[in-house]
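Chain IDs A, B, C and D follow the sequence of writing; residue 1 opens each chain.
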Amino acid sequence: MSTLHLPLAPELAVSEWFNTPAPITLEGLRGKVVYLHSFQLLCPGCVAESLPQVRKIERLFGSTDLQVIGLHTVFEHHEAMTPVTLKAFIHEYRLTSPIGVDQASDGDVPVTMARYGFRGTPSSVLIGRDGSILHHAFGVEDDMAVGARIAMALAQPVPAAAGEAADRGCADGRCALPGADA
Amino acid sequence: MSTLHLPLAPELAVSEWFNTPAPITLEGLRGKVVYLHSFQLLCPGCVAESLPQVRKIERLFGSTDLQVIGLHTVFEHHEAMTPVTLKAFIHEYRLTSPIGVDQASDGDVPVTMARYGFRGTPSSVLIGRDGSILHHAFGVEDDMAVGARIAMALAQPVPAAAGEAADRGCADGRCALPGADA
Amino acid sequence: MSTLHLPLAPELAVSEWFNTPAPITLEGLRGKVVYLHSFQLLCPGCVAESLPQVRKIERLFGSTDLQVIGLHTVFEHHEAMTPVTLKAFIHEYRLTSPIGVDQASDGDVPVTMARYGFRGTPSSVLIGRDGSILHHAFGVEDDMAVGARIAMALAQPVPAAAGEAADRGCADGRCALPGADA
Amino acid sequence: MSTLHLPLAPELAVSEWFNTPAPITLEGLRGKVVYLHSFQLLCPGCVAESLPQVRKIERLFGSTDLQVIGLHTVFEHHEAMTPVTLKAFIHEYRLTSPIGVDQASDGDVPVTMARYGFRGTPSSVLIGRDGSILHHAFGVEDDMAVGARIAMALAQPVPAAAGEAADRGCADGRCALPGADA
C-alpha cells in the first residue's frame, strides 16, 4: 500500500500523563506503529466497548513494537471528569498503557481532539511507522478488523526516512524540508 | 412463603437525591415491592453489568408497582466520585429511577451500606411488600433469576399490616409498638 | 389475572418421545405449569438462543413443579431432520427434558404445530395450572421476561379441577377413569 | 518470519463438495492464503462460535485473495450427519464458501482429519502462500487474533514457486504438467 498521500498524524497536546515516566510525543515514536484511542471516563460506549478492546489489543500485540496511547478528550461535563477522577478510573479499570489528558482549550473541545477532528468518543487512530494516519474511526469497530488492520501496519517495513524525518522535526501534521522554516 | 422470620430492611440514610422531587423512605413505600441497588460510578462491574440490568428491570416491570431505587455507596476514591460527577454520570447513563447518595460516615463505608452489611458493589436487595428483605445479593445475578424473584415478590398480597406498621413508625429496621419510643 | 377467557392448550400429537420413560399428555399434567418449546435441529435461532434459554429455565426452576417439554416440529428439510439425527442432536446438546417428535401430517406442517398455529421455530407456549395458554411466543424472548412470566404462572394456585383430575389418577402421562384402577 | 521449517499442509481428501462448481485441491491454491476450518453439523461449539467466525472472516477478507474452505469431518454419529443433512444445514446456516465432506475411512476418523491430526471439532488451519501450515488450532480463537494472523499471512509475498505452478496451469483444482493441455 502506498502511503504517500496519507496525512501525517498531528502531534499530541497533553497537560498531564498517567502510566508513563516521561511525556510522550508521536515524533519520538516515529518508526513504530501507534494505536491512539480517545475516550471520556463518563462515556458509556468507551467504558463498555472501547476500553475492553484496547486491553485486548495490549495483550495480543504485547510482544510487538505497537505503542498504545490513550487520550482523555473531555468535551462535556468538564467539572465531572477531572484528572483526580481520571486517576481513580485508571486504577479501577486496570489501564496500563500511557494515558494523556488532552490539553484544555478556550472552548469545550480540547486541543488534540480539535487537531484530529474527532467527532466524539470513542475515537481511534492507527498511525503507521512513517507517522501517517492509516485509519481513523469514530465508534468501536469489530475486533477482527482491528486486529487485521494493526497486523497489516506492523507488517510494513520501518521506513528509512523515519529517523531522518524525526531529525528534521515532523510535527503538527507536516514535515519541514531541511533548512526550511518549520 | 412465610416471611415471618425475614429481617426488616433498614431505613435509607441519604444525603442527596437525584431523579426524585422529594426524599424517599422505605417506610413510605411499605406495601410496595422495592428493588434497591447499590453501586459506585467507578465500579466496572456496576457499569458493565448491574446498571444495564437495572434499566431492564425498569422497563420490564414499568407497569407494576415495583419501586427501583439506586444508592451511590462510595467506600473508596471518595474524592473521585463526588455528587458533581455522579450527576453527570446519571445523565450520561440515562438512569431514570431515584438515586440517593449514601450518607458519609466517619469511616470509608457510608451509613446505609454499613446498615445493610453490603460487602461491596454492586449489591442489591429485594424488599417485599411488608418491608422484609426477600433477597440480598453481592454481584450481578442472572437476568432470569432476577425476573423470577421480582415477579414472585409482586405476586405476594399487600399485607393488611403494612398500613398499620407504617402508622406505628417502622424505621431503622425495627417497628415500634404503639406508644413505645421509636 | 383472570384466566377465564384464555384458550385451553391443545393436546400434543407425538410420534416418538425422547428423555421420558412414558408418553406425556398435557391432560396428564393438569395442575402443573408447562413450558412447551418448539424447535428444529437445523434452525439457527433455536440452536443459538432458544435451547440455551431452555437449559437455563430447567436449572432455575428445577426445584419447582414446572414441566419443560420440547417439541421437534419439522416443517422443512424433512429428510434432513429425522429421529436418528434428532437423537444424536439431543445427546450432543445435553438436552434432558422430555422431547417429542411432532406427528407428521399430509402436508409439511406437523400436527401439533398446526394445532397451536406456530408461525415457525423457535416458538414457545406457557401453559397454566388449569391448562390454559398464558403466553405464546414466536422467536426468543428476553430472559428476564421469561423468568418473570414463569414465576407468575407458578404463583397461581392449583385449581380445584386439577386436584379432581389428579384424584382420578392422572399420572405418568395417562388419566384413569373414576373407579378405574390407576 | 522464516517459514522454512513449517510443515506443508497435507492435501484434502474429499468425497463430495458443496458450494463449488469443481473439486478443490490445496495444490491448486498454492500462492493463495487458505483458511481451512473443520466442523461437524451437530457440534455445538462449531455452530455457536466457529461458523459465525468463519462468516465474519469471509466478509472481512472478501476483497483479498484469501480462500476459505470448510471441511465436514464427521467422527461420531455418522448415521446422523449424512450429506443430505449437511446440505440442508449449509442452506439454513447460509454458508457460502466451498465445503467438502471429509472422505470416510475404515475407522471413525475420516481421512483428511487423520492427515492433519485434528483432535476434534472445531479445528482450523491457516495455510500460507507457500502451502505451509502457519497456524493450527483446536477450538475457537479470539476474533482479534484470527484477524491479525490472517492479515500477517496475506502480507507475505507470493513465492516465486507459486507463480511457476500457476504458469503451468494450476487452476480449477488441478495442475497441468508443462506442455500438457490445461
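Note that in this section a residue touches a chain if its C-beta (ideal position, glycine included) is under 8 Å from a C-beta of that chain, and two chains touch if they have at least 3 such contacts.
For clarity, every value in this text was computed on a predicted model and none was experimentally measured.
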Per mean C-alpha coordinates, the chain lying farthest from chain B is D
Of the pairs A-D, B-C or A-B, which one shares over half of its contact pairs with C-D? A-B
Centroid spacing, where centroids are CA-atom means, of chain A and chain C in whole angstrom: 55
Between chain A and chain D, the Cα-mean centres are separated in Å by 37
Of all residues in chain D, the ones touching two or more other chains: none
Going by the touch rule stated at the top, which chains touch which? A-B, A-D, B-C, C-D
Per the touch rule, the chain C residues reaching chain D in their complex are 41-44, 47-48, 77, 79-81, 84-85, 87-89, 91-93
Chain B partner, complex, touching residues on chain C are 53, 56-57, 60-61, 142-152, 154-155
